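Both of the next two complexes hold chain A, though its partner changes from chain B to chain C.
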Partner chain A sequence: MNLTRRTFLTASASAAVAAFFGSQQAFASLEDLNKALNDYTGGAEPGEGPLTLTTPEIAENGNSVPVSVLVESPMTEDDHVESVMILAEGNPLPDVATFHFSSMSGEAKASTRMRLAKTQNVVAVAKMSNGDFYKVSNNVKVTIGGCGG
Partner chain B sequence: MAKPRIKIPKKVAAGDVITIKTLVSHKMESGQRKDKEGKVIPRKIINKFTCEFNGSSVFSCDIDPAVAANPYFEFKAKVEEAGTFKFTWVDDDGEVIESEKEVALS
Partner chain C sequence: MHTRRDFLQFAAVAACLNGVAGFSPRASAQQQLTQDDLLAFNAKGKLTLLHLTDLHAQLKPLYFRPPSENIGVGDYAGIPPHLVGEDFLKHFGLERGSALAYAHTMVDYVDMARAYGRLGGLDRTATLVNAIRAERGDSNVLLLDGGDTWQGSYTALKTNAQDMVDCMALLKPAAMVGHWEFTLGTDRVEEIIDSLDYPFLASNIVDNDWEEPVFESTSIVQAGDTTVAIIGQAMPYTPIANPRWMFPQWSFGLRLEALQANVDAAREQGAEVVVLLSHNGFDVDRKLASEVSGIDVILTGHTHDAIPQAINVGNTLILASGSHGKYLGRVDLEVKNGKVTDHSSNLIPVFSDVIEPDKQMADKINEVRAPYQPELDRVIGKTDSLLYRRGNFNGTWDDLICQGMMEERDAELSFSPGFRWGTTLLPGDNITIDDLYTQTAMSYPQVYRLEFTGERIKEILEDVCDNLFNPDPFFQQGGDMVRVGGMGYSCAPEAAMGSRINNMTLLATGEPIDPNKSYVVAGWASVNEDVEGPAIYDLMENYIGKQDIIKVEPNQSVKFTG
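Our next item is the complex of A and B:
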């Protein structure tokens, strides 16, 4: 192919368009998030409950964002928090981590550090031993994205 | 693989809820990044972390690529008796990092 000015412009324009759509698809859609949520809850609608999600309002570096979850619970054999799932709406894959607690945990509290690709909502869903689900979400502003690329 | 770092009290009173902090060095390659030739760098992350006390599970975590490099976990445990905490990290290639910490009653 002769690289004339016209073919070059068309090619670069379509490459730009492809790059734009490519980067759009690299982020999870809300459908992916809802699917992950549904798989976890088994279709149950999570309500409000004694679940706290702690994230910074502004994360300067998306590569390492501290996140902490706390569920108020007596943590006995009959009444405890089974697990808490953390999801990120705007990441290429919505799943972040799932913490599994037991009656030996004493307190349903856990922290880790996560990657965030861009400014987005972070969602935490708690599964209780009686089958209840609680959900809470926080917005985190990200200055520098953390998913490479 | 690297030696994990674990912060845990050596002596506790029976019935106390203690805080355990763990950190292990691992690149946590997300499988999203590309190298200079534009090829995707294959995913290699720690996908499971567990903590057991005297053989029964206290805390565990399923990990996805969105957990930051050098994964850090902080969690609680209720200690009723003296014993051993066993920590296990498993990565995508099946490599296992294990560590144990003794806890005595004061």
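Our next item is the complex of A and C:
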């Protein structure tokens, strides 16, 4: 994925309410993750959809892992992406960020960086204006490094 | 593949191994082998791609023992390149004792090495390249450098790779890619690239601030009447396998979306043939070939695999041309109406004794080595044992290095990284500074001395093991298992991460490694910044100098469980 400066600005502008959480004590349980997901979807079961989550296969630096999301959408008043939430299921607090969009956003595309405490699944959930939810998940490996031939 | 040439070589060498009196094995083996034999090729079409990869700065002919283990996991088990020894011979129909059996396997290695001599030498490679250019027409031949070219020797270390840059320039490559190149640091890499007459390509490196491409991804060239796109792929995990602080602004990764976009763009610009010049490693490229469409040929490097002919994955050919200058890879393509319609491929083993060195290259090699010649030739010891590096779990060179680190740094255990570069010495050989640096020459050579708990040691081993044996090739980084001195363990490659490494035992006492106890560990090539300690090459020069003669017993301390 080739992110341009324009994309980055779009993301910054869209991400008016991006919430970041630093590393704290214990790791999140699956329960915490499901609760965050449920609070977001209001209990609706997310399906598959035109949502792309881009993460590295292996993190180069666990303290700053690039993550970007893209939802294919006409982004009209009637049919647009309202928000995309990113969750990290193995972090002390699973919420990474929520990006909010409107029909004025042009495209539903955003990127940021997150800290990953260990190898884990990163989950993105998109909320559509018609009430549908899409979900996708990528595994990101956090490794000790070294010893490469 | 079974040619008359192989049969003749087999007959000759079989005779000498049986000890016919008054018969020089070296002379007899080589009487059967000529430069013309090596160049014999079933030419197709007009376009020829030549692939030289993972040279690791080896300008002179060398011995390089192929591995005894090269385990593949999951869908990749038991298929090339995960075949060694007799299995390799059987799969490719090679006769034991033939020249190709010697080049590709460790079967009868020492006898074969004495019979057939050294492989490689960039002056020999230059002769082959020139001959093929003369045969096919200069403009129809593209020579591509797969990277790991600028690191791995005393002179490359001392000249910051200028020796390699100057020698490679004579071969006139059409493009190159990188991996160990980046361990020269950002400034030097940029300085060299500015001086090159050919592009340094990377479709998969972006800058850390804006995620914009750092290097050109693609070079579109006219080769005769064929338009060829060359797309470059750097080693995707360079910032993980090597010190990220040496090139902090650059982010790597596989970046398949970018690659697909670059392939599509090349086709739109009229490329009839799309070549991926890759430092991904073989299994990564095998999987990549089924996920990215529109690539005709992948010239793959990094994992140092040598496969006699290209392998087909769908409509993509993958050629793996070995390492250390042992082979020159060749692919001929017939192109009609903008499509590849036929092909032929081969790895040409560079038998140094039967190829006339190219004078211009030989002179240049002598010139770059001359200022260092007395030091290169300085003998620091002698070995009674075969010293080699390759193998999934250990090799005798690393056994020696592990022992040296424990003794010189007074450590209970030692770690030596699972590098795949480094040449081979035969029993009875002197060990020179030149030889030592083929195992150790790199830009972060400090030998640390730290305390690790047993639990941490297990974590490190599991982590490295997963880099090697993850069933998904996209998570493999391409080296071998970290070598461990002072400790035995068992390894189950097919098991899940976290449960592959078992039975960790302190060899000195026979006691199990205690997860809660701390052990003093010496190791080298840490990817961390500000590591303190002597350089591995200085430490090993001291250690080897203290031994009367080097003897390395077979290593029984790692048990491989299926």
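The rule is short, and it goes like this: the second predicted complex is superposed on the first by the 118 of 149 C-alpha atoms of A that agree within 3 Å, B and C clash if a C-alpha of one lies under 4 Å from a C-alpha of the other, contacts with A are read in each partner's own complex, and residues count from 1 in each chain.
Here, a contact is a pair of C-beta atoms (placed from the backbone, for glycine too) under 8 Å apart; a residue touches a chain by one contact, two chains touch by 3 or more.
Quick caveat: nothing in here was measured; it's all calculated off a predicted structure.
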Contacts of A:A110 with chain B and chain C, given as first, second, both or neither: first
First (chain B), second (chain C), both or neither touched by A:S29: neither
First, second, both or neither for A:E57, with chain B first and chain C second: second
More chain A residues in contact [chain B versus chain C]: B
Touching partner for A:N38 - first (chain B), second (chain C), both, neither: neither
Partner chain in contact with A:K141 - chain B first, chain C second, else both or neither: second
Shared chain A surface residues [contacts with chain B and with chain C]: 111, 146-149
Chain C-touching residues of chain A, taken from the complex the two chains share: 1-5, 8, 54, 56-58, 60-61, 66, 111, 141, 143-149
Residues of chain C touching chain A in the complex: 206, 210-213, 235-242, 244, 251-255, 257-258, 261, 302-304, 417-421, 459-460, 463-464, 466-467, 474-475, 477-480, 482, 525-527
For the chain A and chain B complex, residues of the former touching the latter: 26, 63-65, 68, 75, 88, 91-93, 95-102, 104-116, 146-149
In the complex with chain A, residue positions of chain B that touch it: 17-18, 30, 32-34, 53, 56-69, 71-78
